[in-house]
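Several structures are given next for inspection.
Both of the next two complexes hold chain A, though its partner changes from chain B to chain C.
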Partner chain A sequence: MRYLRLLGTFIRAAIQNESAYRLNAVMRLLSTGLSLAGGIGGIAVLFQATDNLNGWSKAETLAVLGVYMLVLAVNGLVISPSLHKLGGMGGEIETGNFDYTLLKPLSKQYYISVREWSVWPLLDIAVSLGVIGFAVSQMEASLTAAVLGMFLVSLVIALGLLYSLMLLLSSVAFWYRGTYVLWIMGDVLQTGKYPVSIYPRPVKLVLTWVFPVGFIVSTPAEVLMQRAEPVTLAAGFLLMLVLFAAASLLFNRSLRKYAGASS
Partner chain B sequence: MSVHIAADGLTKTYRVPVREAGLGAAVRSLFRPRFDEVQAVRDVSFQIERGEMVGFIGPNGAGKTTTLKMLSGLLYPTSGSVDAAGHTPWKRKTQYLSKISMLMGNRSQLQWNNTVYDTLYIFKEIYGVPSDVFKRHLAELCDLLDLAKLLPKRSRNLSLGERSKCEFALALLHQPEILYLDEPTLGMDVTMQLRLREYIREYNRRFGATVILTSHYMSDVTSLCGRVLLINGGELVYDGKLAKLQEMITPFKIVKLTLDQAELTQEELVSQGIEAELTERKDNEYMLRVKKQDAVTASGLLMSLYNIVDFSIADPPMEAVIDKIYTEGGLG
Partner chain C sequence: MNLRGGLALIRGQLFGYLSEKGFFWTLALGWMTAPVIYLLVWQAAAAGGVIGGYDRNDFILYYLCLIVVNQATYPTTHWTTAEHIHNGTISAELLRPVPLIYNALGTEFAVKIVCLPFVTAVVTLFGFGFQVKLTIAADSLGLAAAALLLAMLLRFLLAYAISLLAFWTQQSNALLQVNDTLVFLLAGQVAPLALFPPGLQKLAMQLPYRYMASFPVEAVLGKLSMAEIRSGFAVMAGWILLLAILTYVLTNKGTRKYSATGG
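Right after this comes the complex of A and B.
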């Protein structure tokens, strides 16, 4: 209950913080517009010469783009702002400000995962939902409550996988004094703009089991299109549990490595 | 009084990456990194009673901050044990962390774009302070730190002094029973240092909190701490009253006198049988160093032999004492 209340406090603080940067709203709107235009433009180019890309229609590919934007937006809402505070130049581990984080009477994993929020990705969420809605309206299959429910479950799995991967990568910063490796996630996620099945088999395997962009972006889209096998969802769920346990274990082990910025 | 913090055989060894200078060495270190072991703290043991104010002193790199970080739970020791308020600090139990606070003069907990009140409110939630207690504590802090007018301001708009007050308020909001202060007055002007010391003294008096302080400003230590722990080269070399340390290191008094006209030289002092060393002269003002046991006789002789305009006798400044320890590397 206390942790739920704290969540509200952190969100409130984020809104108060963002009020200091009024121009941000305009810039974020511009950035969302540009990323949407880039995504749709890319799909338009891909489908100029064909109606079908490895079994994916234009509307279905648009749905993947919508899910990609949605996952990225939720990531930008809380996971990324919180975890980005740890590593890199000026990050808490490098500057030693992690001292104060460690001294808070809270679960450290909870605190570092939810303490920072950015409100502007809410715009991206609205736009991505619009893209998904439009894509679904262009498809032949109708959207039932059961499909929507499964879609939400697949999204939770996707975000759980993304969070676990990002926590794993963030923990590396404790072993190599602030080294910033979260950028890998940004680059790998880019590959999720299009259905994973369009990539060559070796890349597809890496994107399914090593950096599971397939589970994170393609699977929720497949659920929407009623193409996903239940076994795929179950495999994604299992992978999420394993990755979450591994990431939590590594993070809590990594805390022992922390020695501050100075002795 | 009861023991609040007990450290036994506390030792911390760091593994520090090292390499020779130059580009080649930098590239080689990527493939074959080399490490040195640095023993930052060695077998340090002490006990601190509830409500005591204790100063950790020692030169740069002596191991003060490392010791403080082990006490607060930030660092795991290589060996040894600590019992602080019934807890092992580095287990970082919520119950322990709720009882302590650490203030670091070179770090900030303020949220840059948020108001001071909003940041305090976040701390209220983090420390689980009930709303009625929060109101009471905030009123007390406003009284102690004259904080009320700063509450609606954004942290980034505060002056350095105001910011320090707010950092203090954040550290004290949950009314910690142990306060670890690492260079709390770093970079502050003299007035602000004086005020902050007053806050610390008042907090200790009002709430009976145990305060452990490290500072490079000796006046922080002399004005707050009756007891000091002198750490040098990672070892505890002295644990006791500050005044006694002063007596051990500098067993002499400083006599300052201004003469009407006459000249005073070292030869004359010897010829008059005055056991004193002339250390400084500026016009008619003289500074002498006299052994403590000879101070009364020497003063009497000076007064009877010379026409003195001004006269004072005092202990050497604490800075001089500490400098002697630091430069000579211990108590000899």
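Right after this comes the complex of A and C.
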């Protein structure tokens, strides 16, 4: 209960912080609009030239883009800001402010995972849902409650995978200060804009098992198309459990490594 | 014009950055991801035949060149300049007996010297991996080199001018992000401009963005006629002149308006 109340406090602080810069807000709207136009425009140009990309139609590729935007937005809402505050550039591990965080009387992993919120991704979430809805309406298969349920399950798996990876990479910051491995994640995720199966085989294997962008973006989209096999979902779930356990273990082990930053 | 001071700044920053090679190479790898994704997507799409005058080999060459040009022209200092104005640390830079822009220029040179050899090496490896066939005429190489130098200047000036707006708005992050997105969309990263719909293509030819990345690439690959190259250089020169004047005015007015609080 107390943990939920804290969540409300974190979110309120984020809103107050953001409302101070109004011109920035207008620009953020513009930025969201532009990246939407860019994503859809990119697909439109691509499918002008061909109507089938390694077995993916235009509507299906659009669904992948929608899921990509949705996952990215949730990541930007809380996971990424919180973890960047820990292990990013000028983060607490680097400045030594982590001393104070350690003193807080609550679960460390919970606190560092949810303390920092960003307001604007809420808009991105709405936009991405619109893209997904539009893509689904363009597909032949109709949406049933069962498919929708499966989609939600696959999204939970996707976000669990993403969080675990991000936590894993931020824990590395305890051991190698000044290497911002968290940034890699944002770059690797970009590959999810397109279905992973259109990439050459070696790239595809890496994107399925090393950085599971396939499970994070392509699988939920495949569920919507009713093309996903239950085995894939199960494999994703298993991978999530393993990664989550590994990440939690590494984080808690890394806490012992922390020795402050000042002299 | 304090040239000796400028050189000293470059030297100092270069040594600083050389000691953090690993960090910059991680960054450079990240900047490479977007063009690499589009390389992979387009070479999959062009497996069947020629699209808009580009065959598979052309697409791969185009994007490999684009990676190098993008790295060469990408300015890194606008984020830090805006940040320094926002949090007041620019005070120290204002006190130095060299023009304010020297700080940014010094960093730009240093980052480029550190990153470019690395990126060129990686791109060469990719080239061997894809077994591309490369034929480049000597005169188009000269023209492209000139276009590349101007492109670096143009892209830097626009980003720098925007970051100076922080003197008035406190935050110019979102505007910088909009600018980066526009570069991404209109500078030929999503697709070569030849594949754009005619209306958009005409607009892109007049805006400065095309000249920041795709113009030198098209020139070196011999995709442009002499007349197109000439008009390209003219548009480019016009934008550079305009932005140089704008930067001068903004620096003058901005530094006079600037006041920091606290100590």
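Everything that follows uses one rule, which is that the second predicted complex is superposed on the first by the 259 of 263 C-alpha atoms of A that agree within 3 Å, B and C clash if a C-alpha of one lies under 4 Å from a C-alpha of the other, contacts with A are read in each partner's own complex, and residues count from 1 in each chain.
Everything that follows uses one rule, which is that contacts are C-beta pairs under 8 Å (C-beta built on N, C-alpha and C of every residue); 3 or more make two chains touch, one makes a residue touch a chain.
These numbers come from a predicted model, not from an experiment.
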- prompt: Taking the superposition as given, does A:54 touch the first partner, chain B, the second, chain C, both, or neither?
  reply: second
Message: By the touch definition at the top of the document, which applies to A:205: first (chain B), second (chain C), both, or neither?
response: neither
Message: In the overlaid three-chain picture, which partner chain does A:16 touch, first (chain B) or second (chain C), both, or neither?
response: first
Task: Between chain B and chain C, point out the one touching more chain A residues.
output: C
- prompt: In the superposed arrangement, does A:238 touch chain B (first), chain C (second), both or neither?
  reply: neither
- prompt: After superposition on the shared chain, which partner residues are touched by A:37: those of chain B (first), chain C (second), both, or neither?
  reply: second
- request: For A:249, decide between first (touching chain B), second (touching chain C), both and neither.
  value: neither
Query: In the superposed arrangement, which partner chain does A:46 touch: chain B (first), chain C (second), both, or neither?
result: second
Message: Just to be sure I read the superposition right, which of the two partners does A:27 touch: chain B = first, chain C = second, or both, or neither?
response: second
- prompt: Is A:188 touching the first partner chain B, the second partner chain C, both, or neither of them?
  reply: second
- prompt: For chain A, what residues appear in both contact lists, the one with chain B and the one with chain C?
  reply: 21
Statement: In the complex, the residues of chain C that touch chain A are 20, 22-23, 26-27, 29-30, 33-34, 37, 40-42, 44-46, 48, 51-52, 169-175, 177-178, 181-182, 184-185, 190-191, 195-197
Task: Under the touch definition given earlier, write down the residues of chain B that touch chain A in their complex.
output: 14, 38, 40, 61, 63, 65-66, 69, 72-76, 92, 94-95, 97-98, 100-102, 104, 107-109, 111, 113-115, 118, 121-122, 125-128, 154
- request: Would you pull the chain A residues touching chain B in the complex into a rising list?
  value: 2, 5-6, 9-10, 13, 16-21, 95-97, 99-100, 102-106, 108, 256, 258-260, 262-263
Query: Given the complex with chain C, which residues does chain A contribute to the contact?
result: 21, 23-25, 27-28, 30-31, 34-35, 37-38, 41-42, 45-46, 48-50, 53-54, 178-181, 183-184, 186-188, 190-191, 193-194, 198-200, 203
